[in-house]
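Order of writing sets the labels: A, B and C. Residues in every chain begin at 1.
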Amino acid sequence: MAQFPERPSAWGGLATLLDTPQKRYAAIAVILVAMAVAPYVFGSYGTVILTNALLYVLLALGLNIVVGYAGLLDLGFAAFFAVGAYTVGITTLHFGLNFWLALPLAILLAIIAGIVIGAPTLRLRSDYLAIVTLGFGEIVRITARNLRETGGASGLIGIDSPWLFGWHIRTPLDFYYVFCVLAILGVIASVRLANSRLGRAWLYVRHDEDAAEAMGINRVKVKLAAYIVGAIYGSIGGAFFAANLGAISPESFSFRQSVLILMAVILGGMGKIPGVILGAFIVILAPELLRDFGDLRLLIFAVGLLLIMLFRPSGIWPARSKSR
Amino acid sequence: MSLLELKGVTLSFAGSKVLDGVDFSVPAGHIVSLIGPNGAGKTSLFNCITGFYKPQQGSIQLAGTEMLKLKPHQVTQLGIARTFQNVRLFREMTVLENVMSGQHSRTRAGVIDAILRLPSQRREEAEIRQVAEECLSFVGIIEGWEREATTLPYGWQRRVEIARALATKPRLLLLDEPAAGLTSGEKEELIDLIRRIRNERDVCILLIEHDTGLVMRLSERISVLDHGVMIAEGTPKEIQSNQRVIEAYLGVEEDALDL
Amino acid sequence: MSIFDIFTNQLLNGIVLGSFYALVALGYTMVFGVVKLLNFAHGELYMVGGFAGFLVLSFLAPYLGPGWLGVAVSMVLAMIAVGFLGVVIERVAYAPMLSAPRLSILITALAVSLVLQNGMLTLTKGQYVPFGAALGFGGIKLGNLFISYNQMILVGVAAVLMLALELFVSRTQYGRAMRAVSVDKDMARLMGINVNAVIGITFFVGSALAAAAGSMAGAYYGSLWYFMGFLIGLKAFTAAVIGGIGSIPGAMLGGLILGLLESFGTQLPGVGSEWKDVFSFSVLILVLVFKPTGLLGKPEQERM
């Protein structure tokens, strides 16, 4: 028999490169050590940037489940990020709730919001979701700007940083490590989902809705699950974002934010976890390198996105390794 | 006693009747063929049975359960599986993953089970895999499971599709032109496979097919649909000598029933 | 002011607003009808149309003056320019994607919209740009209701454009070809219709209408902003969905309804103007839940 081409996997070719457990453990060890020492190499400013990049890794992994796995375009992802951040901000500031109690509440609210938006829309043509989520993103931002409880246009300040078993998570370095852990957990959850019954169902529905239904898959339910898992990622990201900065304002959750997260997913390569991580780092680090370009950098991103879609829709990360 | 029972099924698109008061049944344990000239409404009837089309009138029952209002995935859950006229395997997925899709409605694990890798989830995954492997072996595909399904030779893809349908653990299997595009050798294997599915797995078979030779050899009952109306029903012998059937075929196409 | 005065005033506001929405919604719905694509860049064409009108006007004002004559000529030239831009976008970005998965086309459309938006952001440095028209403040008074000439002209021009479009689609050969392509592209091709040309004309006309709305909005409201297409794109989509996406009369009706809903909705207790956008997006979501085919849309075709 001829050589069988291997199918593109969530790891996008890494699986063939790291084909033995030894190589895999070695790679993981290198990454962990690099993550641990990075703050000492890049200094305090670098640490803040890296923390931001890790936040984006988490958000992009969440959006990747919606866009990359289930094939649904969500243009209002920042809304869930806002739900998480504002839930933590409001409940800790106004009701004196502990961060660790506010977090599950934030997740719960994101799930409810996901159902309210997703359940009616996902029955329809999948393009409707794109525009409804765009509208939803605006609703959340405008609401945050108009309500007294959310602090209006200036937002909320003085959000307490959380304690964890006697450790007060407070310095930028503390938060860097917290976001390291979140990103790692995000990757693990994404991988496990991809290799599960539900993860496969997302791909089935994405590739052929009719055939998937004929196999007994409830397409609305499966899509809704993807949308909600994405929402949970977003709201966890938002909750820790609020705790980290101590201050949030509506403009952190604008359409531009949603677009940047989406770019992270697409530039690197949707559906492929290393690609998404790469994309998140590009989106955060490129502005640092292109700082002199000012407003031009958004244009550069936009042109980049267009070129990627036209010439390399699978993203920067290679789909699979060429040789075996 | 019949497993599948259709009564007065009427389906119209934009005013024109595709199916007109179709009565039809599949007796338990039988291999039944649905034949008729092109455009007679055979695939439409399949789509009604599997819930993809909603007939305006009539009743469709599987072992006494009314299915007219059910969605396709609910029909599958009740025990009807299907293949498509033009093979529709999931692109960019392996043969094994394709067949594993059949087990979706028979399993439960959700988001939390998957993220925490609960023991029940791992057991279920193993089970899904095992069923898929068994179905693949049953249709005679014992290698190349990790290959991208749509890169297989056409005849193999047809068999993967049948394996995928079997993985839903159906009581009734609907095959839409399973022999189309197969070589004569492959057709012999298909006849053998369909018989084995019925005999060894106790699955009723309903097929649409244009290869009349294959239909006559394989079927125990044949129903003939013409212009949305069921014009004849009987054993292969009865159908071969049925005047209306001969007219229907002669009136429509040159290559009439080659009897 | 009496309740009646408030009512007539809001009615007028709603009609003016609705005219803008309807013009933009038309392009949305035409493109969707013909290529089944949600053209995210459509709102951006409205924005570019506004800036194109501004640019032309700044050249012509010395000769034609900044009044309605200058604005009218600028508007027509802007329509032509943006019409071609629409065709170029279709050729370069969408045509190669029409057989690609849905998600890819949607993302490409988004990318085009971001390029236009951020291109203008770079050019204008994010500043508001005064349009430079001087239209005067005259008008007529009906009781307590003041209707400016500008409002009358604006609504009149919108109505004329829509009427022209309706005639174009229902009476001309191109219009018939357009309808044929929207029903079944392959069948239309078999019948000898040049499908690519029809798609091109559709993009031209739709984009030109958006540019007309953009130029008029610039002249009427007095200033332009690189982000002005974002909200109206969303609103126009809402209008198209209310009317039934794919339906041309539906887009006109939907635009008017949305304009009126917004202007009256903001008068409701608890719905101040700061909640206007939330109000219309909620309408969008409600329509999608309860009547996804809209008022004049045909039911979604059977799958398979």
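Operating definition for what follows: contacts are C-beta pairs under 8 Å (C-beta built on N, C-alpha and C of every residue); 3 or more make two chains touch, one makes a residue touch a chain.
Predicted, not measured: the structure shown is a model, and the values here were computed from it.
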Chain whose Cα centroid lies nearest the overall Cα centroid: A
Among the chains, which is located farthest from chain A on the basis of C-alpha centroids? B
I'd like to verify one number: the distance from the centre of chain A to the centre of chain C, where each centre is the average of its C-alpha atoms, in whole angstrom. 33
Between the Cα centroids of chain B and chain C the separation in whole angstrom comes to 48
Gap in Å, rounded to a whole number, between the CA centres of chain B and chain A: 41
Multi-chain contact residues (two or more partners), chain A: 210
Quick check: what residues of chain B touch more than one other chain, meaning two or more? 52
Multi-chain contacts only, two chains or more: what residues does chain C have there? 303-304
Touching residues (chain side chain C, partner chain A) in the complex: 38, 40, 93, 96-97, 100-104, 106-108, 110-112, 114-115, 117-119, 121-122, 125-126, 230-231, 234, 237-238, 241, 274-275, 277-278, 281-282, 284-285, 288-289, 292, 300, 303-304
Residues of chain A that touch chain B when the two form their complex: 1, 4-8, 188-189, 192-193, 195-201, 203-204, 207-208, 210-219, 225, 228-229
Chain A contact footprint on chain B (complex, rising order): 50, 52, 71-73, 76-77, 81-82, 84, 88-94, 97, 100-107, 109-111, 113-115, 117, 121, 124-125, 128, 143-144, 146-148, 151, 164, 168
So, in the complex, the side of chain A touching chain C is made of residues 67, 71-73, 75, 117, 120-121, 123-128, 130-132, 134-136, 138-139, 142-143, 145-146, 209-210, 255, 259, 262, 266, 295-296, 298-299, 301-303, 305-306, 309-310, 313
